[in-house]
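Chains here go by letter, A, B, C, D and E, matching the order in which they are written, and residues are numbered from 1 within each.
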């Protein structure tokens, strides 16, 4: 195993969880299995985001410190990857696929319909915190383009009016 | 019914137009002076560190950057809560005076002297500094030399003629060397002689401009300027505020200029990017006042240098104690040139001018600061608010030219009413409408700290407000 | 533990799991329901339950209902294959009983409905190496994989071959990297193998399939994860690594789930772990989940990401083969490359080399999408023509539509026009045509696609995915996008076009990594074949395909040129 | 030999470059000996004349009025010089771009204490969405950088152009630096 | 241990140690290759791309700061193509943010400005982007103005490699990249910053500066960085 990183992990005092929220246990377990090594940072952040839905300063600080990573590095990593959310997400999520097939089959129209209906662009959440809109690179469902995923369920060959109806029913 | 447009107003420092409304009987009913540029310094500097402000603000105007450097640095001094070292205070004064010399020279020789020397009705194709150089090479050379005198001092002190970065919060960035001082002092006699010679020429020819002198914005008004709190002499960098009325009653005297909002209000008109300040107690627009050379000569007891004071005495003797004609800005300007040259000599001969301690350092100690100084064309106010880290949060600027906005509007109307009859407009008449603006030496770069430019447009409106005609003078 | 070497000797035990229905006795017919993400999104997971119930309800005691990987024809999902009948049933919906009538009759023994596999224009031209087991084995059952001959190659390699022999076999196969660039796999293996490293070596499987419109790797991982693990373990043995990582995108949860499950199974069965197949060779595999950054497909960025950092690339050399993970020699291959390995070892390098063209050996998996009738996952021998793919396997375009281009190679690839349709599909030909093999996305475009808009789409992708480390890519992709955007708004000028081309050249030549170097390709290739479309946007302010709004048209005066260098002294 | 025709134009800038032009001092008279200044802040021409040899344009393009004037200057000039950093890069005036003209106007005219707070709309030209360097709108032959360019560089540049040197040769011969 | 390599740079035969980079070998022979992200004493990242050179037999341009010399290399550091590319790179740094030299603390003391002059960049053909970016002046002694940052990451590296505080890192990606302290939180509230000022020292532009510095005021460039690097190396 990587010698340098193991050294870095040794002899460091680890912080205690920010609160007695049980979800920290999940994160702790994952970090322990990763050996508190800095190279496990992304995995640990994945777990923290799964547990809390997003990564706030507290989570970033705790995970970063536990994994032996400076706060700026934890922040740099969390903001580099589009999968990590630094703000709480809405009750529902609507992910529009922006892959090539979806694009040439009218994904732009779907995004337009969402903006028209909800007034938010990809990456934003409606002010009432109900729906977060996201853009995905490709779900790999190109054969059903254009595709959206609403609360984890994929809807293929969807038209803008159909999407609006779908969002209205949430 | 017609409309006359003069566009652009030429031989002025900026972008503006003039719209003149002519009634059915051919008489001028209204005239408006419109500044057409805005850059938004009051907004674009928000978020910048305060230490950049003097240099930033210098970019308001390339004609009098030093005035802005000074007012801005003074506002910052107040935010830092420091006492500027004595030598730095004097050096800043020298730069400001040099600035006044070069700017006044620019206005008088390069921009106004073509009208004075060649005549208001002369051929517009040659009615410029080249024409002056051809007719009276000596006059043109004096102009160039006097402007150079001022610019060279600025360059000597700040390393650069336009936009030197030398004036900084807390003082200046480098002290003066003996050699630099001696160079400047060595240039003074020549500059003095040229200023005197020009004054003589002006006084000899005064009678030939009697018609214009009588009608170029000649009306009683208030005057404002900075004076020394003890002596009542002119004080361009660190004075107290004095406001006198047309009869010389002091409406304000020996007051701290910084809380300007106690005395001055600002109004916005729909036709100009330049705001109109007014004297608050008299309200808008009755609170019209004038600033700049004529106003300063009217408010001060004396200037403070002997030769210039003798000239001032003659000025007052010939025109009265409170001359109200804006044409006399020209004469006042020449007297100020002389005064500034001599005062530079006085200051540089002082004992502590070569002190090495020229800058005070401090962190932010006040969240607000106002800096006031006399720019060539009038009193200049910079007002900043910062956060505790020294980042600019809010800026208000009351600019020299702005104070004269109401007066310029009134002057334009007066001249238009006298020289424009119907829609048959002579070129010379239009030139006079512009010339009255030139007399004020408006720096429209400054006045357009907010936005703009200055083509002179004469627009003639029907009584119902419909634009009837727009006159733009054709090129020569 | 299953005896290695005789995997097919005993039939796999039949038992009732949560999903699949496995009869106690002999099986007469089986329904293989595709459980890859595409069909699942059409409800194939529910179909598994519904169909099982129906089969039980109909008293068909000798019928199995099983879970398999991708059947390929994704546009017609959910798909169910009945191998005994050689038929595939399309659009078998869980909530539409009528759609299952033919299938149920088929399972009952009547050959009725469905699509016969033999002679089918979509299925029969395909040659399956990578997808050999896709659609036939249960991706969640190692036993299925073993029963189909899986892990025999690994066993053979570790027990019968020296590492150099394995490498030699891979060299012989002529296999080239399937991730995009086409670097000879054997050469890469050899480079890693000959490195001296006290700190160890690593094998990394790049499953960060980021190209929009590409889902080959996902399908492979979802359909047959063991095949990839087997390839990795063989690689580990060949190059002298004992640790492997699979770097998978977070967007592929099902692939991650099946892969993790497969790693556990393989560990349990002794195909991974301290003593692989009972030998002294040890090999462990960990999954690392990406977090949404296309650039991590670049190998040095991927390394940075596996090490828990920002996925920014670094200049090469040194190449990962010499200095990769934690500075150790690291072999990085993509999913499809590894999936080829078991067959190469089992059947010999020459077997693979017998397929394909002179310099491109074997097969290639493509994700066929866009304006063709049959879209989905296909595997064809290298060297077939684009025409065969588009008009044969793909079934051609919709009636009334005219073919315009086929886009291959993802964002760094290009668009190939109609007159090159008879070009063979191999690394060199595609590169020569101004595109690239890439990972295998293939999108067919008809006359309703605007090529300027397509270039803008890919540039938008690149600018959003640029890591920001080097200026040419960070700024260049933004600026190229702005030029393209202006053109699609009807505000572009000839000068913009000149600028765009010179900028594209600069970005290609000076960017740090493949993302930036490849980003201008969408511009180059569309300009090469569709310059007239650009000129129509610029000169006539018209979008021939009718895609661009061109709303700045007619008031172009209000749009700054953004650029402009005069001809000397020219008054315009 | 007839004198060359020189023009200056002042758009959205501070006039500092024009001041630096005057800072040529006595050399100014030499320039005036070579060329007539046919348009600019120092002369009375109201309309940009035809057939200008060299035009120095100071300032960025901030308003519709600036743009109209610039286009006229380009059409009627043989050599157009971007005169100073504002014309070359947008410089200080371009700092309004991240903010936008609307917010700037509101801040200056509505959010400060004033009588009749309003955004001026009569006689004054409309501000363009972005304050841009002049080559964003018209072709430029020579870029003379500096805030302002020094008088020496202006002299060097103008003299060479008036002597008939092609702009690209002048561009290589004259030193430059931003700021 | 390193061995001697002989190679050609711009037609000149030079000798270099095998562990030297092309850049360092060129510098030893007084051949100036422009760079912005490289700084003696810090690791090299090859990010600014200004130092790319042509190496005979290699189709790609190689960053000279990270490419080691090899026996027999024939290197061209300046060609028409390289100069054109470098100019475009300089333009890119200018247009992506708000670099207003006239009112910058680093005016006359800026590596970017100097390179523009040196490479003959007298205007920008690329459209300006004019992003809206913050200034963080919350630190007692220093401030960072992102408008002037070129993302060379010298600050990040000096803080991590020499001061070992790792206060700085890069957040976001692509055009959204931003140098951040700690959790993107104000510099003044940083729990890791030692206020050593090294980041300010190494900044090639006016992005990091001492508070109280006015426009165009020279910053004291102390040659203490190499010394600190040596100290840090000894301690390890």
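The criterion applied here is as follows: a residue touches a chain if its C-beta (ideal position, glycine included) is under 8 Å from a C-beta of that chain, and two chains touch if they have at least 3 such contacts.
Computed from a prediction, not measured in an experiment: that's the story for all the values here.
Using the average of C-alpha coordinates as each chain's centre, B ends up farthest from chain E. Chains B-D form the pair with the most C-beta pairs in contact. Compare each chain's C-alpha centroid with the centroid of every protein C-alpha atom shown, and the nearest one belongs to E. Seen from the C-alpha centroid of chain C, the farthest chain centroid is that of B.
Distance between chain C and chain D, defined via averaged C-alpha coordinates, is recorded as 56 Å.
Distance between chain centres (mean CA atoms), chain B to chain D: 22 Å. Chain B and chain C have centres, each the mean of its CA atoms, that are 72 Å apart. Residues of chain C in contact with at least two other chains: 293, 310, 467, 560, 562-565.
Within chain D, the positions touching two or more other chains are listed as 91-92, 95, 99, 130, 132, 135-136, 140, 147.
Counting partner chains per residue, chain A has residues 73, 76, 80 touching two or more of them. Those residues of chain A whose C-beta lies close enough to touch chain E in the complex are 57, 60-61, 70-76, 79-80. Residues of chain E touching chain D in their complex: 94, 98, 100-104, 107-108, 113, 116-117, 120, 122-125, 127-128, 130-133, 216. Remark: chain D residues 10-20, 22-23, 25-26, 28-29, 32, 36-39, 41-49, 62-63, 65-66, 91-93, 95-96, 99, 101, 103-105, 107-109, 112-118, 120-125, 127, 131, 147-148, 150-151 touch chain B in the complex.
Interface residues of chain A, counted against chain C in their complex, comprise 1-5, 37-43, 45-46, 67, 69, 73, 76-77, 80-84, 98-101, 103-105, 136-145, 147, 153-154, 156.
Those residues of chain C that touch chain E in the shared complex are 293, 295, 310, 314-315, 317, 463-472, 474-479, 482, 499, 502-503, 506, 509-512, 560, 562-565.
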